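Look at the two complexes coming up: chain A is in both, with chain B in one and chain C in the other.
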Partner chain A sequence: MPNFTIGMRLNGGRNNTMKLIGYLDRKSWLHEVNPLVKSVGMIMLITAAVISHKFLTPIMLIVFAFAILTSASIPISPILHFYKLVVFFSIGLILANFMFTRPVSDEITLIFKFGPIMATAEGLARGVRIVLRMLAILSVTSIFVLTTDPMDFLKVFAQLLHLQPRVAYPMLIGLRILPIFESELERVRLAQKVRRVRYKTFFHKLVLLSVPLLASAIRRAERISLAMAAKGLDTAKLRSKKRTKYSPEDRIFLFLSISFTFFLLVYTFCSPCP
Partner chain B sequence: MRSWKLNEIITVVVLGAAIGILWVPWTMFYETVRGIFEPFGFNKFFEGFWCIGATLAAFIIRKPGIAFFGEMVAGFIEMFSTHWGITSLIWATAQGAAAEAVFFVMGYRRWNKFVMFLAGGFAGLGEYAVEFIFYGYAGYRIELIISQIFWIFVGGGILAGLLAVYIARELQKTGVLDEFAISKERR
Partner chain C sequence: MSRIPLKFSKFGFAYPSSKKRVVQNIDLEIGENERVLLLGASGSGKSTLALAASGLIPHYVNGFMDGDVEIFGTSTTSTQYGEIVRKVGIMFQDPEISFATLRVRHEVAFALENFGVPQYEIDQRVMNALRFVELDDKADTPLEFLSGGEKQRVELAALIAQSPSFMVMDEPSSMLDPVATLKLFKLIAQLESQSMLIIEHKLDELINFVDRVVILGNNGSIIADGKPSDVFNSYFDDIEAQGVWMPRTVAIAKILEKYGLVRFDQLPLEVGGLVRQVEESQIFDQIDLKDISMAYQPKKGSLSPLFTLDEVSYVYSNGFEALKDVNLEIPEGKTITIVGKNGAGKTTLIDILAGLKKPTTGQVLFDGKIISEMSDDELYSRIGYVFQNPEHQFLRFTVWDELAYSLKMQGFSDEVVHNRVSEMLTLLRLNGMESRNPFTLSQGEKRRLSLGSMLILEQDVLILDEPTYGQDRHSALGLLQLATKFRRKSATMLVVTHDIDLAFEEADEIVVMHKGGVIWNGTPEQLLKHQDIMKLAGLTVPVAARISIELSKRYEGFPMLYNLKMWRKFAHLVKEKLAQSKRT
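So, the complex of A and B:
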């Protein structure tokens, strides 16, 4: 199994089947790309996926994303695992489109009609297309999520927006503190289990789990802010600005994403294919 | 940003991180519910919980900009832990801005349940606006669109607005909020 640093276990670490996607700590050319360049590329590709109404666009995007990930020898198995989940949970989305799509023209292939429900083949096709689009966006964003160190992203972001140290540093702390909270949530859950807490309703459970977690979070915040104030970060000014350097990898990534976005847009608006 | 104290900034960030953690199991829960309720638009009710990052922080600290900042922090944490990826920042921007707009209109002075309901509801509507483009809802029949808008407003109002009030009051009982604006209000 690959080593996920911030990947989270959902069912309390009892087994590893339900794991969401997270940063993969490796060395590859994608890891070298500046997070800012990477996010610009992502946004362009996602925009192309959202604008396009063709069947083949999401499929091409998926192939593109997998090709890029494979070129950096990053395993695509966590994404494929996710695919299964998304497809399974998309049944409702497909059904919604199947039964409630507004007919665009008079030429519709009616499958059945029941009260206000009007199921058409066009609606079904639309549903499948939207699920494909979701899968495409998922694969494109996972290039970013798998290969970007959150700390690096934050540093670049803070520099770009000229955030003051007193705003930027707490964000770094927020990331650092994540694993602690993860284990704390598990501790709260186990403690309530030991005391045989009965959750009356779903909301009751939500409140009983979140209040202890948030209370300890705020207590921790107080200590952190004292430590930061003691180090003088409260009144510190942004003194030196580091010039962001762009590497050859940045140029390659930017070139690839711009040209592919351009290709997709040309395909969407100028091609007779579906 | 100048009126924020260091203590408050860190509290918002830490709250955002904790909420970001809560959103991970919530994502799984939501994806399960979605399969059943999507054809009726009722799944939008559960999407309201994603707006609580804005409302809870703002209700505790009560200063301009906190709602937006809180939601952005939570979205940022979520970005690296669920499959929404960088798109979660887009959603967070819309939700945070919508909630902030409600507090701005109210002049950051009124903090009752009604205002919180409105803030949560409008944050939900902001979220819906992004989804409308993202998932191409424009192609749906008008009945489903109305049902979705209704449920996301109610869901945002209850799961983000009123739940935030309830959680904040519960937190207040533990005494951790003593030095924040929420404890200085006249009861």
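So, the complex of A and C:
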């Protein structure tokens, strides 16, 4: 499941590139939306999905998510890929709900009964609803995940919380260094294999692997902080690309997500609606 | 504001971890628009001077500082760093570590944004800088997609965009292949009216770009300072004694002088200069060079391959194909260097040869056995592997235990262990450091220790991954020579490097890699005849060979001498021949 792996590089920054937590690096109007605006919209939509018990709500949300992504020419194939991961889990979930749910009300439609197993239509419906809701939340989250540069997201948050650049940037860099760390761990492991190390206990292994890693991590951190300082980081106020006011893209996104959430809520509490 | 970009007065510095001064008594002044090259052996304190010249010492590095450093007339200690950083820019070795953002354009703009430059001006300066380094078409490319050479050019662009009045460069080419290095140096040379302090050890490529050379001795003080040709002519012996890498032209000229063949009025810093002076001496007009060339017929190779790779491919879990259908035989008892650009698959290849990675398809035979079926004990009692970063291999808390570790694993008696370890300590020049913690050694000592912990088992195969990592060429060559000298006589040695002079210095055979494939293998001499392959793999012709090629145009039958060892042998043969003809 390559799309879901955290990491940019393996093997010491070779050309084998992986996607950063599923982020699709390209240009679209969704990429231009402020990550903060995007996360607010996302939270609203997810809240609607959680509140609503109607069958059609998650389906509408999925369609909405796909429509928005398509409008920005973002392929929906990565989402379908995420779906695949959910499918196996879902089947179990639906079956469990189908067969083991004790209905709350007395009105039940019994399909069959076998010993303790009582399969009801209500149970089935409930199972399907839960799975659909999961898929809906996944789709909505994808709008954010696929189109938000994680570095950008962290920057905006740092700005929101008024973090000093001295504090905020190491956080950003940490994100970049993580994959390098991972590949270095692999080198240490191989180096110890050549020396025929036999780890006696888990703790022993932890110590032997982490000592060299720690030594180079400290040195790397020092060098990075010097490089940052040499680029005038400390003289700076943290800024992210010109995003001080709401851009047209921000407004469109906010409008779409507010109005759709509103629509869903109205629909949810409208008793005659299906 | 004074117009003198940089002035050290009685500068000295010690890091908090040890009281010893890394550099001391430094008096150095860099004039306006002057390009100064700083040389010195590994550990002589060059990087410390770079940090002080950029004001990072004393503002960001703790330690004890003596004397004073002035940048444009104001002392760095009494100036806020925010002011200094607008006048001085510094470029480091490893772009991977310097990057603060994810995309080319943002990276170049980073410092300007920090300085609060207006956006329209940032855009303009960024594009101009990118155009200068010829990366304007990649402005929106994520940094991770760039090659090593391109990454370093982005850093250069970032420096140019800052337009500092004074630049410091700390070994900017140390991670680059030869062609990328040349390109970077060419760009640096084209910079207009820039005062700079540049630390490098790839002298031959750079020596014509600089106005002045300063040499830092091992005790951390300046031992020579002046015009490049003056410095090497007047202080040759001192410089050589300090373990500084010489321009190859100077080294070869000295060999010719030592054997009494040519007297140089002026030690040459360029191939052309050397060739001219040799021609003027008319030394080779007097003898028939064909007989001497006979001495350079390549040795017959051994018959049985030690490693056989059959259609080997390796694909990483993320789908990156690091090796593609590699077929290769590695003969026993030779030194083989593996060259190619960053990411060409060199390290993956040696990992597979060492049985550390299992080929995705294809198979590897080691001494007739399928390598993936051999146990770790069987394999690593016969194969030694010196990793790039020596720290990765350290397991024990003293130097002595570190060396004794593998011997004890192998079940040798205490007496044998004791004898071998003491012997190895002497070979590695680590006497008196037995009880030190390996992590506290200097970079060069660490490298020697990690080599020693592999040499000590006297394995059949010794693999070295990038000996230039973390140290200069001179120390890297020293490490290689140490390995060549003290490995078991019949041992096979595999060396991965992107340093072409180093590759030719010790190799019997060279394997050239490009984009995951082995595109060529054979003797160094044959490789020099394949310019197309060298170009593809980012290789340049070593200076020693360039001199031979020039001389062979003039003298028929002049042998191809591609390293200093061969030049020494050649000078010796010519001298004997001259003596012979005098007698008859």
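Assorted remarks:
Rule of thumb we're sticking to: the second predicted complex is superposed on the first by the 175 of 274 C-alpha atoms of A that agree within 3 Å, B and C clash if a C-alpha of one lies under 4 Å from a C-alpha of the other, contacts with A are read in each partner's own complex, and residues count from 1 in each chain.
In the analysis below, a contact is a pair of C-beta atoms (placed from the backbone, for glycine too) under 8 Å apart; a residue touches a chain by one contact, two chains touch by 3 or more.
Keep in mind it's a predicted model, so treat the numbers as computed, not measured.
When both complexes are overlaid on chain A, the residue A:113 reaches neither chain B nor chain C.
When the shared chain is aligned, chain C comes close enough to touch A:231, but chain B does not.
By the touch criterion defined above, A:91 reaches chain B but does not reach chain C. Of the two partner chains placed by superposition, A:81 touches none, neither chain B nor chain C.
When both complexes are overlaid on chain A, the residue A:215 reaches chain B and chain C alike. With both complexes superposed, B is the one of chain B and chain C in contact with more chain A residues. Once chain A of one complex is fitted onto chain A of the other, the partner contacts of A:151 are limited to chain C, with no touch recorded for chain B.
In the superposed model, A:25 lies in contact with chain C only, and not with chain B. Contact with chain B, but none with chain C, is seen for A:137 once the two complexes are overlaid on the shared chain.
With both structures placed on the common chain, the touch criterion links A:194 to chain C but leaves chain B unconnected. Shared contact residues of chain A with chain B and chain C: 8, 10, 18, 173, 211, 215, 220, 224-225, 228-229, 233-234. Residues 1, 4, 6-7, 9-18, 20-22, 24-25, 27-28, 31-32, 34-39, 41, 43, 73, 76-77, 79-87, 133-136, 139-144, 163, 166-167, 170-171, 174, 176-177 of chain B are the ones that touch chain A when the two sit in their complex. Put simply, chain A touches chain C in their complex at residues 2, 5, 8-18, 25, 27, 149, 151, 169, 172-173, 176, 180, 184, 187-188, 190-197, 208, 211-212, 215-216, 220, 223-237, 239, 241-242. The residues of chain A lying in touch with chain B in their complex are 6-8, 10, 18, 20-23, 39, 42-43, 46, 50, 82, 85-86, 88-93, 95-97, 99-102, 104, 116, 118, 126, 130, 133-134, 137-138, 140-142, 144-145, 150, 154, 164, 166-167, 170-171, 173-175, 177-178, 181-182, 185, 203, 206-207, 209-211, 213-215, 217-222, 224-225, 228-229, 233-234. In the complex of the two chains, the chain C residues touching chain A come out as 51, 54, 56, 59-61, 81-82, 85-86, 89-90, 92, 94, 96-102, 106, 110-111, 113-116, 119, 140, 142, 144-145, 147, 158, 162, 316-320, 322, 342-343, 347-348, 351, 354, 356, 376-377, 380, 383-385, 387-389, 391-395, 405-406, 409, 439, 453.
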